[in-house]
Structures are given as structure tokens and as C-alpha cells.
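Dropping the structures in below, format is C-alpha cells.
Consider the two complexes below, in which chain A is the common component and chain B and chain C are the respective partners.
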Partner chain A sequence: MSILNEIERDALTEIFNVGAGRAAQSLSEIVGDEVRLSVPSVEVLRSGAIDEQVLPRTRGRFATVSQNFDGPFDAEAVLLFTEDRALSIVRDMMGSQMSLDELAEFEREAMCELGNIILNACLSAMADMLEITLNSSLPQYLVSSPDDISARLASAQGDESYVLVLHIDLVIEKHQTDGHLIFLLSSSSLHALVEHVQRYLGKIGLG
Partner chain B sequence: MSTAVVPRFRAEDVLDQLHGGLIMLDAGLHILLWNAWVARHSRVPADQALGARFEHVFDERVSPALLRAIDNTLGYGLPAVLSSALHRAPLPLYPDHGAAQAAGALAAPARMVQSVVLTPLDSPEGERLCLIQISDASNSVRREKMLQSHSDVLKRQVGTDGLTGIHNRRHFDEHYAQTLQRVGKTGGTLSLFMVDVDFFKQYNDHYGHGPGDQVLKRVAAALQGQLQRPGDLLARYGGEEFILLMEGLSPRQAAEVAEALRETVYALAEPHAKSLVAHRVTISVGVCTRAVQEGMDGRLLMSAADAALYRAKLGGRNKVVATD
Partner chain C sequence: MASNDSGKTLLIVDDSKVSRMVIKANVLAVHPDWQVMEAGTGEEAIALVEQSVPDYCTMDINMPGMLGTDAAAQILQAHPSVRIAIFSANIQEAVQTRAQQLGALFVAKPVTEKSIGQALLHFRGPL
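Take a look at the complex of A and B:
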């Protein structure tokens, strides 16, 4: 049985696409060229299942930007790009030619800001549409192996935890890349989120 | 008896000693805090700034991206970072006078490179405020630039042939792999030229290694002189062997380039008493041109060009053989 029904999943996809649109607008201003961002799909998995569903399709390491937030539901939001995609994004944004290890301090900062813009836009869209208030920590940038991420998922929450996985398509300077945005939620936070989504659906007459 | 610790200093003094900027704004963008660092670098004193509206306090424009980020922080209570890499100098802040003069410019002084962090803060009355923290990133930018330029120099040295000053095999191999991957995605042709100096062993035996080295340098310079497009890459591949990679040529154009290479070396008129084809230094060239498919094995093109070179030598040297 799936955790979200189809209409709830559609509503979340819509909310996150509103966020993606806002992020794209901010990024376009910064880059000085059209940036397009969209969230084609949203799914909820048990946190144990993320290994098979998201991580194995990729080799190598991830560049991650994460923020912890709290409100009616608490979660850790982690934006994941594979190493080569993160590099191509930074290259497109700044014209740099470095490997991830030598990513200079201010390019890491740029990556951190990019993550912050995308994460904040998604959080603000949720806040607006679900009529809630969310607090968040500052973004943190980290390079992780798939194993590091699995370990983080396993330790952060107990068995009763879930991940909300968003697939993200990003086009900067006509270059297409993609990544994932993952929300780690406890089961009670997931239920609170679903409740707010249902309330939103009721409000727009689809509940 | 009270256990409360009586503060022996004022928090304001600490803020004013801070080596970084602090500005606090209310929801209407009125300035509630303007520490000494900000006053010094903006050249706007605190008494003039406090109570004024943030976007009007400077003579110059504040970056729209910063104003938008402040709006977001105040509106949604979400913290934000503005990196120096993407914004450089969102606020009209300037380095200290001394530093600016040391930089020596009479021209308009350059803004300080800044990293900015915005955090929401609730006042005791429950009003949402925005704290702006600014740090001077100029030193780290300078350091990064220095490290970057050192690393560029080292990279160039690692990829350069010590004798001829053109790229070496190591650099070529990396460049070739990247180019194959890129052109494989976008589609297009690659032409690989293998160039060999004819009867070079005999030249060395007759004239000695010193003059032999000089000939290699002159040949390398002559070949390099034939390249006009920034993407063309020439490297010394072995003793007297050179390799050249060019994009987007038809087989016919590649054959013309190969012929031009041969002619330019011939035109050097470098004497070679032991050459069996001419009494001067000549080269043989094999070139192969292919449309690149994604995942194509680079060795195929390489061995085809090598086979063409072999045929050019077999055919009498001072020759070009082009294949596709």
C-alpha cells in the first residue's frame, strides 16, 4: 500500500513545483541567464528503501546541502547532486575547472547558496500553500559517499522513519542536470504533513 | 543575596569590537542595529543609520538579490546565505582607507568582497526581525586566487614538454579523453594527426643530439604556427613523434591541413645530409577523420591514424596519407 494516495502526491508535486519556480527565478537573477527548475515526481519511501531506490543508480560521491527545519512537522532536508553534476553546476555558474576535492572555499559557498535557494523556495512554498510557519537552520555543505548517506539515514531516525524524495531537473545555461531533494521525516512528522496536505485539498475542494 | 551575575561590560561594546558587520532590520526594513564595523566600511555613521530605512541609507544601490533575500527571511523566517562567489559585493562597503590606498588606485575604490548570512530573529515582543552578518571575503578571495594561479602554473608544467614547450603526451591523453566524451555527446568529427620526423635517427647520428633537439624545437614551433583555432591541440607524443587533434573537419579538410603541415616543415629548409628523400628535414603525416559516437573507443582513431602514418612512411616519406 502506498503511503500517499495519488491526489495527495499530486498536491505535493504541485507545491514543490511552485517552490522550484521561485528558486528558478532567484537563480536566473544571479546567473544572468534563464534557469529552469522543475520537480517531475515526488514519492514517499521508508528510509530503509532509499538505498535501492535512489542511491544505486549513481556511482561515486554526492555533494549535499542540508538544512534542518521544524514547525508543524520536523525534517532534515538534503539536496543531493552527484559529484559530476555538482561540478557541472558550479562550472556553469562560475566558469570554474576544478575537481570536487579542490573546490575552493568560495565555490563551496556558492554550492551552499544554490542549495539554500532551492531548499528555502520549497519550504516557503509549503509554508504559503499549507498555511504553516517553518523554522530552519543555516545550510550545510558536505561531500558524502552513498554509504555515508545510508549511515546517516539509518542513524538519524528509527525504523519508523520515512523519506520524501523529490526528483529535481535543473537547466542552467542550457545545460541539463538533475538531482534529488530528500526530506527525512519521523512517522509522526509524515502524518502531520499528510494531514496538512489533506487540509489543503479540502480547502481547494478536492479533499 | 542574589546569584545573578552583574555584567561588567556592555553588549553594545562587544558588537562594536566585532571584526565583522552586524545590521538588524525590522519588518519595515528600518535599521535597529548598525555596529561600528558597518559604520566604518559603509562610511555611514550609526546615528545617521539607526531608524532609517535600509535601502535608503546608502548613496549607492544595494543588490536586488540581497533585498529579495531579506524579504524572504522576514516573510518566511528562513535563514539565507549570499556567497561572495555569486554576489561579490552586495552592499556598498569599502576596505579601510589604508588598505585602499595601499592598493594604490586613484580611481574609484572597489567594493569589499563580502559573504552575507541572513538569520530571522524574534524580538521579545514577538516581532520578526532580520539579522544581517557580513564578513570581509577579500582575503580569502586573494588567497584563493594565489593558490589557483600556483596550481595553474603547476598544471601547465605537468602538461608541458620540457624540450619543445608544447603539450606533452600526458596532457594530450587527458585532453583526448575529454574531447571524445564531449564530442560524443554533441556529435561531430574528430581528426587525429600523427606526425613523424623523417630519418631523425640518422640526423642525430650525423649531427649529434644538440642539433637534433634544435630541429625538434623548430619543427614543433612550425607545426604549432599552423594552428589557428583555440580548440586545436598539438603535443609531442614520443621522441620525434607529434600528435594533433582537431574538431569539426571533413576528411578532405583534414587532408589539406596535413598537407599544410608537411609543407611548412619542408619550407623550414633545415639541412639533413642523411635524408633519403630530400637534403632537408621533412615529416610524414597520417591523419584519420571520424564522426564520433558516444562511448567510442579512442584507440580506434589512434590506430587508424597510426596505420596511415605507417603507409606514408612506406610510400617514401615526406608524404601525407589521409583516411576516414
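Take a look at the complex of A and C:
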């Protein structure tokens, strides 16, 4: 059984694309160039199902930025890039004349800023379109191994938890990167989110 | 205005069914006599226009396949009389400029009654 029906998934994808558009606008002001950012797909999975299906198979580590938010539903949002991709994003954000040492110094700050921009743009689009208020905590940056991440997801809320997974395509200064934005939700928060999406669809005459 | 605005045809191009339905519902609420066609990609839109040229068109940008701005450019090149409103979540300056250069109106997503109102004003043209 699929957790979201086709029209609900479509509505959520549109909401996140509006968020991605706002984030791209902010990022383009930082890098002084056009930024392409899109969310081609949204899916909801049980948190146990995430590692094989979603995370790219890689021996390297992941750079993650996470933020908790609360409102009509609570979730932990995690923005996830492979570490080498994260570094190249930081280089594009900070300017390519920087040395690797200098870049490493700014990595945490730049990634937190990137995460803050993308997460808040998505949350604000969701809040505006669903007509709700969401509050978020400060972003936290963590470099983790794929195993750490799987363990973190598995332990998050037990088996009654879900993950909303967004694939992200990001192009800065002609460099293509892809990452994931993952929302960890309890079953009751997922139901509250779906209910708000249905209310939104009802309001626009599609409920 | 009602007299010369009646019986028009509108092509709605968007890969999101929700967006297409919102645009269609809002447009038909104001102009119940308009004929609406829908396409989910730029390629499909171009093929539809070849069969029957609409008066107006709303065009999304990020879709599978070609970009909506490229599809709009092709449509306008063959049929300069079509009035196009480009609806996009990508609100960057460069994108807005591209839409203007094409002679289309740029409208920021989300698709709402207000943004559809802007498109309808553009379709009607200078009074």
C-alpha cells in the first residue's frame, strides 16, 4: 500500500519545488550566478526501508545539516550530501580562489548556511501553502559514515516512524550536485501532514 | 471586456496535475466558456499547438524533457499571436528576464487565484 496517493504526492512535490525556487533565489544572490535547484521526486517510506532504496552507495562519508521543526506536525529535517560534493558546493559558495585549508575551515559554516537556506525555504513554502506555522531550530552540521546515518534513522522513532525523502538536484556555477532532503516523522506527525495536504487539496477544489 | 473575451482557448502546460487542475478551475470560474487543453511536457505542448493553435497558454518551466521556456520560444516563433504566461517556482532574475525576452509574462508559483489573475490580465492585453 502506498502511503501517499498520486495527487497528494503531486501536491507535496509542487510545495517543495516552490521551496526549492525560493532557496535557489537566495543561493544565486550568494554566488552571484544562476543556481538551478529542483526537487524531481518526493516519496514517503517507513524509516527502516530507507538505507537500501535511497542513500547512494558510497564508501565515503556524508555531510549532513539537520534542523528540528515543530508546528501542527514535528519532524527532523536532514539535508544530506556526500562529503566530496559538499566541499565542492562550499567552494562555489565561497569563491574558487580559496585554498583547500581555508575551505575546510569554512565548511561547517557554509554548509550550515546552505542547509538553513534550503530547509527554511522548503518550510516556508510548506507553511504558506498549507496555511500553518512551523518553527525551526538552528542547523547542526555533522559528517557521518553511511552506517552512522542508517543507525540514526533506525533508532529515530522505532518502527512506527516514516521518512519523507526528497531527491535534490543542485547546479551551482555549472557544477551539478545531487543530494537528499530527508524528513523524519512519527506516524502521528505524518498523518497530520497528510491531513493538511488533503485540506489544501480540498480548498483548491481537489479534495 | 466579456464580449471579446468569450470562447477563447487556453493551453495549460505543467507536469503537476495539481497545478493544471488549479489553473483550470480558477480560469473556468471566471471564463466558463473557455476551452481548455492540457499538456504535461513541453514536447506535448508543441505537438498540441501544431494541431490547434490556442489563444492563450500557461507554461511551467521545470518539467521532464525540455524546459518550458524553450517550448514557449518555439511556440511563439511559429505562432507569435499566442499570449503566454510562464508560471515558475524558479523566481531568479535570470529566469524572469528570459520570460520577458520571449514576450511572455512571468508569474511566480505557487499557483493561486492571485497569480492566475495576473495571467488573465496579461491574456486580455492592453485595453
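Keep in mind that, in the parts below, the second predicted complex is superposed on the first by the 193 of 207 C-alpha atoms of A that agree within 3 Å, B and C clash if a C-alpha of one lies under 4 Å from a C-alpha of the other, contacts with A are read in each partner's own complex, and residues count from 1 in each chain.
Definition applied: a residue touches a chain if its C-beta (ideal position, glycine included) is under 8 Å from a C-beta of that chain, and two chains touch if they have at least 3 such contacts.
None of the values given here were measured: they were computed from a predicted structure.
Under the clash rule set out above, the superposition-derived model of chain A with chain B and chain C shows the two partners fitting side by side. Vectors from the Cα centre of chain A to those of chain B and chain C enclose 100° in the overlay, to the nearest 10. In the superposed model, A:N116 lies in contact with chain B only, and not with chain C. Of the two partner chains, chain C is the only one touched by A:E34; chain B is not. Contact with chain C, but none with chain B, is seen for A:A20 once the two complexes are overlaid on the shared chain. In the superposed model, A:L181 makes contact with neither chain B nor chain C. Within the superposed three-chain model, A:M94 lies in touch with chain B and out of touch with chain C [touch as defined at top]. Remark: least CA distance from chain B to chain C after fitting both complexes onto chain A is 14 Å. Counting contacts as defined above, no chain A residue meets chain B in one complex and chain C in the other. Contacts from chain A toward chain B in the complex involve residues 26, 29-30, 93-94, 102, 104-107, 109-110, 112-113, 116-117, 120, 123-124, 127, 133-139. In the complex of the two chains, the chain A residues touching chain C come out as 6-7, 10-11, 13-15, 17-22, 24-25, 28, 34-38, 125, 128-129, 201, 204-206. Within the complex, the chain C residues that touch chain A are 16-19, 21-22, 25, 62, 88-95, 108-110.
Interface residues of chain B, counted against chain A in their complex, comprise 64-65, 68, 72, 75-87, 115, 117, 119-120, 137, 140-141, 144, 147-148, 151.
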